[in-house]
Amino acid sequence: MSTTKNAAAQALAGDADIPAAQRLALYRMQYVIRVCEKRAHDLFLQNLVKGTTHLAHGQEAVAAGFAAAMNPDDYSFCTYRGHHHTLARGVGMLPVLGELMGRQCGLMKGKGGSMHLTSVEHGVMGSYAIVGAHLAIAAGAAWSAQYRGTQQVAAAFFGDGATNIGAFHESLNLAAVWKLPVVFVCENNRYMEYTPIREVTAVEHPAADRAAGYGLPRIVIDGNDADVVYRTAREVFAKARAGGGPSLVECLTYRHGGHSRADPAKYRPKEEVEAWMKRDPIVLYRARLLAAGVAEAQLAAIEAETMRTLDEATEQAKGSPPPALESALTDVWADGGASWRN
Amino acid sequence: MAQLSYRDAVAAGIAQEMRRDQRVVLFGEDIAAAEGVFKTTVGLLEEFGPRRVRDTPISELAILGAAMGAAMTGLKPVAEIMFSDFLACCWDYVANQIAKTRYMSDGQVSIPLVIRTANGAGVRFGAQHSQSVENWAMAVPGLKVVAPSNAADAKGLLAAAIRDPDPVLFFEHKGLLAGKAEVPDGEHVEPLGQAKVLRRGNDVTLIALAAMVPCALKAADALVREGIAATVVDVRCLVPLDARTLLAEAARTGRVFTVEENPRLCGWGAEIASIIHEECFSALKQPVVRITTPHVPLPAADRLEDSVLPSPERVASEVRRALGK
Amino acid sequence: MAQLSYRDAVAAGIAQEMRRDQRVVLFGEDIAAAEGVFKTTVGLLEEFGPRRVRDTPISELAILGAAMGAAMTGLKPVAEIMFSDFLACCWDYVANQIAKTRYMSDGQVSIPLVIRTANGAGVRFGAQHSQSVENWAMAVPGLKVVAPSNAADAKGLLAAAIRDPDPVLFFEHKGLLAGKAEVPDGEHVEPLGQAKVLRRGNDVTLIALAAMVPCALKAADALVREGIAATVVDVRCLVPLDARTLLAEAARTGRVFTVEENPRLCGWGAEIASIIHEECFSALKQPVVRITTPHVPLPAADRLEDSVLPSPERVASEVRRALGK
Amino acid sequence: MSTTKNAAAQALAGDADIPAAQRLALYRMQYVIRVCEKRAHDLFLQNLVKGTTHLAHGQEAVAAGFAAAMNPDDYSFCTYRGHHHTLARGVGMLPVLGELMGRQCGLMKGKGGSMHLTSVEHGVMGSYAIVGAHLAIAAGAAWSAQYRGTQQVAAAFFGDGATNIGAFHESLNLAAVWKLPVVFVCENNRYMEYTPIREVTAVEHPAADRAAGYGLPRIVIDGNDADVVYRTAREVFAKARAGGGPSLVECLTYRHGGHSRADPAKYRPKEEVEAWMKRDPIVLYRARLLAAGVAEAQLAAIEAETMRTLDEATEQAKGSPPPALESALTDVWADGGASWRN
């Protein structure tokens, strides 16, 4: 194993700014997300995931690239489409799939569900299902970090659609005025639920074209290239840690599937889908690694190991009991209970 | 009479009114080309075109603000707020602007609009997509509040809401959308403000709304097999409230149970129970029993969600307990 | 004991907690340099500096969102929403985010924050600046709800709210701000969740909150001159609710009146009346009477506003009517 | 009288784009607003205006200029600081002062109060006391005009502080996407209640610097020059009527008094106040008219007539009874009543 790693490291030495090990980690994380999201989809079709799911396959590079640039004590704030960011911060596939399936082994033991993945231990401060709300919450966490004098940053991930909601505007302004260490990351996948963002937005780039309104630079990047994302993330986080205030990053990307559940996404033109599928972040990244001399076997090993972990997680989740019914009546309050009277 | 699903009945009600009145316009997120995330607006863009049926940005403030401004100036907007939980994102428009402007203007301004929204639990969407918030609306003077329990009412009450000169919050229950029922052919309009007695029994009165109506009916079915005869009343409109019917049915049995989906505190059940206590105290054999979801956010997992929502079993067992059986 | 005004007591409560705990930060519109539009934060910027006492833009969403994020990550924010009516502008944060996130996260996240807001009528500010909306908050699981009626409680309950590990909505009544009372010297903390019996009489029980407490006390004064002895209970906290005290005082007289400032429907009075009916039905000589503002927006003109708010006269006359006097 | 008018007309002929009669009307309206606001202040100090008032003295040119460019059936949406716009659309001083005083003769018979002046008959579709809310309402009225195919425009007037609230963002975007005939007019008077706007805003021009975020041109004008305001208003209204969509206009101005009630506005630096007092829109406009050859006597006549009307209105309002108590229970619903049950 370790000889292979060294070979890869040499092969990538040309791109000195991203160490080879980091590149392999970026690949691994993208792959983890991809197969875990596919599995979530299969489980949904098998009626083992109830309610809804919002998958992020196609958007792996954004999650992998940003998370790779974060310190363990940094904060992530995600949306209902948050599995990728949760996994990227190091949460296991078992607690994620378990939560989707409403099992005791789930990240929140079934109380939150797929839209609310939270793992404070990993810095995943929650996934929020009301569009745009978490931008202000992330700003608050950044304020707290600033106040406490830590070097923590907060990152809020959100969709193109979220740029037209009031909370976006208020959060950006407050963060800019208070120079908060927060990074606002727009994953512009061109669609809201089913409606194209361009049909309801006054500017072409829903996030970046608004940056100037908060005194921020305009940043639009290729969200399907994990290296580009990672480099950008390093920069904006460094700026935030240095007291330079917030950034707003628009990542151009595409979801491979529908908005949620079993949405076949028929509203998207065939050519558009095909063009974007050609830019599959994982296919591209794999090719880049191979071109840089990483051995096919090494990537295959990563993939095989990931699939093994995934299959194990799936079986474990399937075998996990539903949560105890009493848990529905716990944790309303800090005392662990739900009592509102004596 | 045709069999229609609740979701199709919603679309049919809107279509009926759009055909009748050019001033009726429909808008919201994903309601036009995508025909609604709950498929409650199927066919409307096709029939009425993009001038009258419009997709909006994710801008709940702008949606309700625009609805209000349009209503004040001659249109009859039907605005969709996708999930009723998101009313919290535009509550200022609901509670402070739309509800109060007629009054503040000394009657100069009319605001004939309908806010449609998917309400309620049972579909495992978790705490931010499952709430029953009709009590939020009931607490605000100036809003009419409607929550149909079946397809026929979905069409007829929605038609009446659109014709109504006042702002109406129209709660479509997610758990009922697929259910089919006979819906009268031709023009169908059900007046607002009339509760409906769905079945009569002399032992107890169950007062329910929206998804709790089928729940109460199932409980009544179970109880009748045990020799307990239940009256079931569908409240249908919280405002205007058909207090007369509720009071009459309460007095007839003297044993009243409200069945609410919202969390415990300050629900419509507390209001209706208070009215019944105030106005037919002496006819009551027992205090009104409120059957509600406990005062907790809604959990996502199916088993957990089912465990907190009122169920026919829980309703039946509350009735048995009250009767000492 | 010092005589303090309610508004000064608010500032004193905040200052006491800020001295004690570095994690407490204060922010809102015009609260720092201007010391609050109601002068409830006088001296705080000077004592604690701009790092801990901050003016914000007019961005209610960002204010509460930032409060929540800060509370989740180690601070104890005290956020001001200038008028409680504006809670409608950020209700999503109150009802969907702040109230539910601990639960949804299975207890991983704590949100120890206080939302202070000026509540209530009587100052002729009209329908969008005068509402009593503590019942909105009571209806949402996950929120503690406090509404002090006097300066001592303003300080003591606010201190307790700041120390509390859960989110607390703290309603400061505009009509009470100028009123002075004895406030204990030194550290003063009043536990949440305890109602207070302010006077005892055996004929009737008046249950009131915030500005309705002095109103009920005045009514009791008038009634005692007519030989009617009233118990007056100050609820103080709607959540947690001291149901035990309310039930005991209700049972003792068997005649209960709730005195609420909010509009008629789904107020806290309906909830408390329901609880009393449910749990001490047989001790009641009459149904609980709810005295409320009628279900209308609040008018601006002084005479009109006075005519709709509950007054000592109206309370007394409701009591007389119930007693057949 | 009519000879005097002609003389003035000739005197101003140089500035051909604004007819002399229009200029005199602009002066008259600014003067009406000024003295009526001062009277409101006096009545407040006499405790005849209860509750609160938010005066617009200093900001007269914005109201006069915009209203002069409106058609009678156009819509105005104002804030709690809305007396000037209400008067500018032709509402009398009596119903305005009467409303402030909570009398039967008030515009809404005391039900709305100073913050909610509404006169549908004059196109004043309401004054809204929650910052920013009416921007979306104005957009809706504009949509209605567009839908009905009228030539009506809607104007929403708001303060600098309102630019940081979510509804501002959502309204601008919607109006731009739907190309609505609405004009958003920011009266940047540099302060919110007591806090300077620059302390809480990420950009220098809180409105204009955000225009690009909605695909709109950047417009900042001298809000203390009624001619400039009027010319701008004509342009943006013409654009709106021609289907060119919304505009966002930032008017630089200053309030001469405090935010509300008896606020002495001590938070404002003396030099700043002095500088702005030198730019009093009415003093400047009067001087311009005189310089252009309008006779002092003509202006004095306008002023005297205005004062007479004001004094009469004041006396009448003082003599007007309070509204009938029953009216508190009317007009919740379209049927005129307040009944919520049978």
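Note that the chains are named A, B, C and D in the order they appear, and that numbering of residues resets to 1 at the start of each chain.
Note that a residue touches a chain if its C-beta (ideal position, glycine included) is under 8 Å from a C-beta of that chain, and two chains touch if they have at least 3 such contacts.
If you're wondering where the values come from, they're calculated on a predicted model, not measured in any experiment.
Q: What's the chain with its C-alpha centre farthest out from chain B?
A: Most distant chain from chain B: D.
Q: Looking at chain pairs C-D and B-D, which one is connected by more C-beta pairs in contact?
A: The comparison resolves to B-D.
Q: Per the centroid of Cα atoms for each chain, what is the distance between chain C and chain D, given in Å?
A: For chain C versus chain D, the centre distance works out to 37 Å.
Q: I'd like the Å distance between the centres of chain B and chain D, where a centre is the mean of that chain's Cα atoms.
A: Centre-to-centre distance between chain B and chain D: 41 Å.
Q: Distance from the CA centroid of chain A to that of chain D, rounded to the nearest Å?
A: Chain centroid spacing, chain A to chain D, equals 47 Å.
Q: Using mean C-alpha positions as chain centres, tell me how far chain B is from chain C in Å, no decimals.
A: Comparing mean C-alpha positions, chain C is 30 Å from chain B.
Q: Where in chain B do residues touch at least two different other chains?
A: 56-57, 59-61, 85-86, 88-89, 92, 96, 103-104, 126-128, 141-142, 239, 264-265, 295-297, 299-300, in rising order.
Q: Any chance you could list the residues of chain A touching two or more other chains?
A: 109, 111-113, 116, 128, 130, 164-167, 170, 173, 177, 199-201, 327, 332, 338, 340
Q: Which residues of chain D touch chain A in the complex?
A: So the residues of chain D touching chain A come out as 164-170, 172-173, 176-177, 199-203, 209-210, 212-216.
Q: Quick one: which bits of chain B touch chain D in the complex? Just the residue numbers, please.
A: Those residues of chain B that touch chain D are 25, 51, 54, 56-57, 59-62, 64-75, 77, 92-93, 96-97, 101-110, 112, 141-142, 164-166, 193, 239-244, 275.
Q: Name, in rising order, each residue of chain C that touches chain B in their complex.
A: 85-86, 88-89, 91-92, 94-96, 99-100, 103-104, 126-128, 135-136, 138-142, 239, 262-271, 273-274, 277-278, 281, 286-290, 295-297, 299-300
Q: Note which residues of chain D are touching chain C in the complex, please.
A: My answer: residues 50-52, 102-103, 106, 109-116, 128-132, 161-162, 164-166, 192-195, 199-201, 267, 322-323, 325, 327-329, 332, 338, 340.
Q: What part of chain C is in contact with chain D in the complex they form?
A: Those in contact with chain D are residues 29-30, 33-34, 37, 55-61, 85-86, 88-89, 123-129, 264-265, 294-297, 299-305, 307-308.
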